[in-house]
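First chain A sits with chain B, and in the next complex the same chain sits with chain C.
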Partner chain A sequence: MRNRIIIAAFLLFSGSTVYRILTGDASWAVTTRGGDPSQVTLKIWAGNAAPIDHWRTDSAVDAARTLNRQLEEEGSGVRVTIDAINDPASWGNYKKKFLMAADSHLAPDIICTGHEDIASWASAGLIVPLADTVAEMRAKDPAFADVREDLWESTMFRGKIWGVPQDSEARVLFYSKPLLAKMGWTPARMKTLERGIQDGSFTTDDMIALAEKAVASGVVPRGRGYWHRPTRGSDHIQKYYAFGGRIDDPETGRLVADQQSLTRWFTFQRRIVDAGITPENYLGTEWGIWHNTVSHGKALFWEGGIWNWSSWGSKYAADLGGEAYLHKSVGYAMPPAGSKGGTPATLVHPLVYLVPKAKASGQMQQKLALRLLALMTTPEINTRHALDSSHLAILKSQLDYAPYKENTFLYGISKLGGKSFFQPNHVRFSQWFDIVMGAMEEAQSGRRSPSQAAADAIALMRIDVGEDNLVFR
Partner chain B sequence: MPFRVILLIVLSVPIIVGYLWMFISTFSIRTHGLMPVDSNGNFGGLTLANWAFLKDPVLWQALLNTFVLAAALTFFTVLISSMAGYALSRIQFPYRRQLLSLTLVLHAFPSVTLLIAIYFVLKGLSSSPILGPWIGYNTMGGVILVSVAMQLPLGIWLMKGFFDGLSWDVERSALLDGCTRLGVFWRIALPMAGPGVAALSIFSFITGWGSFLIPYTFMMDQGSATLATYLMQSMTDTAPAAYGTLAAIGLFQTIPILGFFIFTQKHLMNIYTGGSKGAG
Partner chain C sequence: MQKTAKELSQEDTFTLLSPTFFLVLLFFLLPVLIILLMSFTNVSTDTGFDQWRWVGLSNYVKILNHPATGQHLWITLKYVAVTLLLFNVGLGLAIALLTTSIGGKTGTAFRALWLLPRITPSVIYVLMWKYLGADAPYGLINSFLAPLGVTPQNWVAAQPFLFIVLVNGFIGASFGMIIFTSAIEAIPRDYLRAAMIDGANYFQRVRHIILPMIKWPLLFVVTFQTLSLLTSFEQIMILNDGAGGMEVWSLWAYHAALNNYYGNFQWGFGGALAMVLVVIGVGFCWVYLKFFKFSELVSQPKIDAL
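Presenting the complex of A and B:
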């Protein structure tokens, strides 16, 4: 008898659970942050966060103090506390975790992520639109009016603004001053290199020729003339852009399938290997080796994100003199254009703060979250993050803010000029990106010819991205 | 005999070198092979800075969480696997063979491919009465439940193998003397399968101790982070990995495992020599 009761109870429990799984009914699972309505906890997440990026969430704690002061002055009984998570997991795991949390109404009130997530998360109804136009956003708070105009573009999707920029960076061409000096270049001549890139007279062809010369004259060993990012990543898109390629078409909002530009880009990727300035089988080189090599000036040219600068100074080149050593031995300029007279361009990948909808967070605190974001968007707060993690100013006023101005590296990058561009907020962009990265690897490794790799990429785009989402050039 | 020793030494060299590198790296800014070097490639660059993480209170919270997860995973895996393994080894019942095959199929799936499915199960469990708040999504109980489920196929097969190897005579004598099935399992079979229990305990504890994906994905709060999550902080995509710190955290994470291994070593090495009279 006892066994039957146990079996019946087990079956009842299992049955109700299976029923709820199959019907998607998990209403009991939603545990919102209830309790005293005057005590509001705002949860904020930041992803792929190294310790040096801690201000992405910790700034909210400082801003909450100001917010509480303001609320007190307004006579409001509400007080805000912050629950901040600086998530170290990879972007993929972080985003998966957010989607599950949103499905269970446990998403944070503010999430910091790459701007490219706006398209899919907005389409899925997980985040709130913040304004219809940039002007409307700027009018919401003086802090938002201070944000660099170009950065709002990265937060736009279907004609609305969905996020507040958190940081910004650039990917530049670094060069070793001692190695160029060995080739007879004076500091004044090195300046002409930077100027030449700016006016389009120094192109990727000139860079390859100079690196080949360095290898031929024994200034650097074979394969150390030019190092790009050793793994897949957005940085490579800069070269596609340098050779005339565009990711999206502003008029139609579609992604671009440009076989000619892809071929030119892939030709460059194979050419650097054939020229002996980048090693054969270079793709996949371990990041530790890469950082040690470039930060120690053992390659003539390398391209990378400016955020590496502080890590090179504090870790890899710390015992060489840190940032002082870097300033002395490492130069930087915009990545050169692919043809004479072209404009140098850098890919900017802003992180943005997004505000999840009530159905995702289980909370009705979106207005308070936006108010907190305005208080986090100040020159003082953002400069702390910029200096600690080597990121660029997102506010116009930061360029006149003394602590930022005194950082010669960041201020110098901010003043480099040239053109910056973003990856589009398009729901099929990740498919487009994976295709061109795969084709680039095929071309650089020599498994496919550049033209064949480009043709394959276009064919794959037709299938995976869909012709309805493409403009062919 | 000397040849075997030499062969063993040669085969062990890669593992020993790996551990040696990890140990040296924890006290170095950088290494060239096994030699700590300064920026000029000369011997030097020794530092204790890689161990600075020991002052971080988050580490100790992560340590406690990891211990709870690993201990609970070990306890439930051993308990369920030994009972299931004994039943599958000694009792004939319908679909026994099919059940065994099914457990193997479950083991064939890497947990990353099951994440979404597991999420829906945990979300469903959250809505179950009474137990929901303890074993559902965003609970340590839920993470333990999933981890145990992933570990059970290996455990059941391992324990079944150990029980298959035990002499039936002793158990039969106990049954004839009036002992119940459960009594035979608890008083006779389980002690005789001690090496199996020890082996499974170690495997389960190591799995729980190094577990990342399941606890990370299904727990929301910072306070529920495990050591593996903590380790991730040293190797994000956006900042260059600090290999010295990484090695130090790795070594710190390994120490309890080594302790656990040393503690259970005598049971592990005792396979087929204890338990039943005359065996061995």
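Presenting the complex of A and C:
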């Protein structure tokens, strides 16, 4: 008898646990932020956050003061307090945390993340659409009307707008002025390099040739002619783009499987190693080594995000004079095109604020959250973040805002011209991206030839991305 | 009155085993059941937890048709076999034999040194390896090899398999070392002395006395460490995240289900990958139990049967 009771208890417990997990019933874990209805707490999260990125959440505290003042003037009894978490967790862990929180109705009221999350989180019904069109979004608040037109594109999915841009950046080609000077380049000639890239007369071929010359003449040691990002990341997609590749097809909304462009890109990745301007087995180099090397001007060319400028100035190149040294010794230009006459292009990866649905946050404060976001979208607030963390302006008015304009680096980058593009908001982009990155590593290391690696990538796309989600070129 | 094993009723057996049974049910069978069910669904970030649907065996069909399956399986088996034989069992046993033959404080101190990799936080431990193999002028290995005319390079990327084996092996060896040491120390000295009087040299004593008498711990270490190597990917993830063809099966499952670059996690597919690992693990256990003749090890002692 006793055995049967124990077995029955086991079965009951296991059955109910399995049922609750499979049905997503996490009601047992829900704790509501109830209490006094006049006191509203808005939770805001930002992820992968370095200390210099703290304004992504701390701006909400400032904006809440303005919001409370407005509410008081309106005669409302509601007062807002902010619960801000600037989470240092990696993107992967941060996204997992959000999904688990959302399933337990404990997601924040505002979440700051990469725009690519819109596709899967909107599909899963975790975030609210903010508007049907850009015009509708602009009409909601003058602050939203001030946002750069191009950035709204990164927040669109299935014809709706799902987020408010938080910041923007660019990935550029940096070069060492002292090393070019050693090769006989005058400051005026360095300017022609920037212009040559702009008009498509200075291409990746010219960059490789110049770097090879620097190695051959002993200006830099072998392997220090050109350093790209040392790990997987969106920076590499710029090269795919430079060689004619596209990630998505606007007409069908599908992702692109383009073996020819992949082959051209992978050929470039191996060529820089064979040419001796990038080290053999370079991918996987520790980030600390990368920052130290490039910020100390020990490579002729390197490609990276502009946000690195802040950490080079305050940390890695602090021993050489920080930002003053960088201005004197480091030049920058758009990443060159892959063929003569091509337009240089940079990949922009805006972070956006998203508003989770009530089923994710357990709260009905979406309108208040959007109102707070409008108050966070001001030139004063956004410029603080831009200056501290080396990010580009997201507002048109920031280009005329004195503190931003006075930052020669950011203002200079804003005026570089060229073309910018975003990664698509597509539910399978994550899989597409991992596949091309893996294939690129195989090609650069020489384990697979560029054409073999491209063929492998296409084969993997058929399985992991799915043929229904692909258009073949 | 105390009962012997033979006198225990079925009810007593069940009662005595119930705490263990409950833990196994809660922490092994239940998760396996959930993952098994999940593997028959398309649940992912984009379906959320309330828009998924049953997809039958399609995740398993996908594994069968996947162009990378062979590579992931091969590197997993190679990594487990080499690390297990050379380090987790081989080196663990070698250190145990050597330090017990030295004995005293020297042996203990030497063993304590081998615990350092295990007690060092993983991120710091792996970072040390990364800097050890880093390109010049940072890497220590390059500063030794450069005078010999070897071109400096990032050795972690150049020899990824060697590094994942070394990084994991140096941690794994300590586990076997502790178990084997205690087992060797527990062997009655009389047997060893008698063998020495009979003229057995050290290797003969190891072959004919020590190894047969530590068969139990050997079975335990081999089984436990096989399962541990099959399922652990932490060090590989930190070292190179599976680059260079080093994505072992568990890391593949982790990337699919929990951590890809842009975050559309495929829990259903990851669940199917994990189930395959469970089957492989159970298969290994079965082979080990047969190889080490487990049934003989747990049979009634012959002396009691007389």
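Here is the rule we go by: the second predicted complex is superposed on the first by the 446 of 473 C-alpha atoms of A that agree within 3 Å, B and C clash if a C-alpha of one lies under 4 Å from a C-alpha of the other, contacts with A are read in each partner's own complex, and residues count from 1 in each chain.
Following the convention adopted for this analysis, a contact is a pair of C-beta atoms (placed from the backbone, for glycine too) under 8 Å apart; a residue touches a chain by one contact, two chains touch by 3 or more.
Bear in mind the structure is a predicted one, so any value in this text is a computation, not a measurement.
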(message) Once chain A of both complexes is superposed, is A:158 in touch with chain B (first), chain C (second), both, or neither?
(response) neither
(request) Mind working out whether A:89 is in touch with chain B, chain C, both or neither, as first, second, both or neither? (result) first
(request) Go through the superposed model and pick first if A:103 touches only chain B, second if only chain C, both, or neither. (result) both
(request) Check whether A:189 is in contact with chain B, with chain C, with both or with neither, and answer first, second, both or neither. (result) neither
(request) Report for A:311: first if it touches chain B alone, second if chain C alone, otherwise both or neither. (result) first
(message) Quick check on the superposed pair: does A:65 touch chain B, chain C, both, or neither? Answer first, second, both or neither.
(response) neither
(request) Considering only touches as defined above, state whether A:123 meets chain B (first), chain C (second), both or neither. (result) second
(request) Please identify the positions on chain A that touch both chain B and chain C, taking each partner from its own complex. (result) 17-18, 21, 91, 93, 96, 103
(request) Quick one: which bits of chain A touch chain C in the complex? Just the residue numbers, please. (result) 2-3, 6, 10, 14, 17-18, 21-24, 91-93, 95-96, 99, 102-103, 114, 116-117, 119-121, 123-126, 223, 232-233, 279-286, 289, 423, 427-431, 433-434, 437-438, 441-442, 445, 447, 456, 459-460, 463-464
(message) Help me check something: in the complex, which residues belonging to chain B touch chain A?
(response) 29-30, 38-39, 45, 115, 119-121, 123-129, 131-133, 136-138, 213, 216-218, 220-222, 229-230, 232-233, 236-243
(message) Could you list, by residue number, the parts of chain A that touch chain B in their complex?
(response) 13, 16-18, 20-21, 25-29, 31, 48-53, 83-86, 88-91, 93, 96-97, 100-101, 103-104, 106, 287-288, 291-292, 296, 307-308, 311-312, 315-320, 389
(message) Which stretch or stretches of chain C touch chain A in the complex?
(response) 11, 14-15, 18, 22, 25, 29-30, 33-34, 37-38, 44-51, 62, 65-68, 127, 130-131, 134-135, 138, 151, 153-158, 240-241, 243-245, 255, 258-266
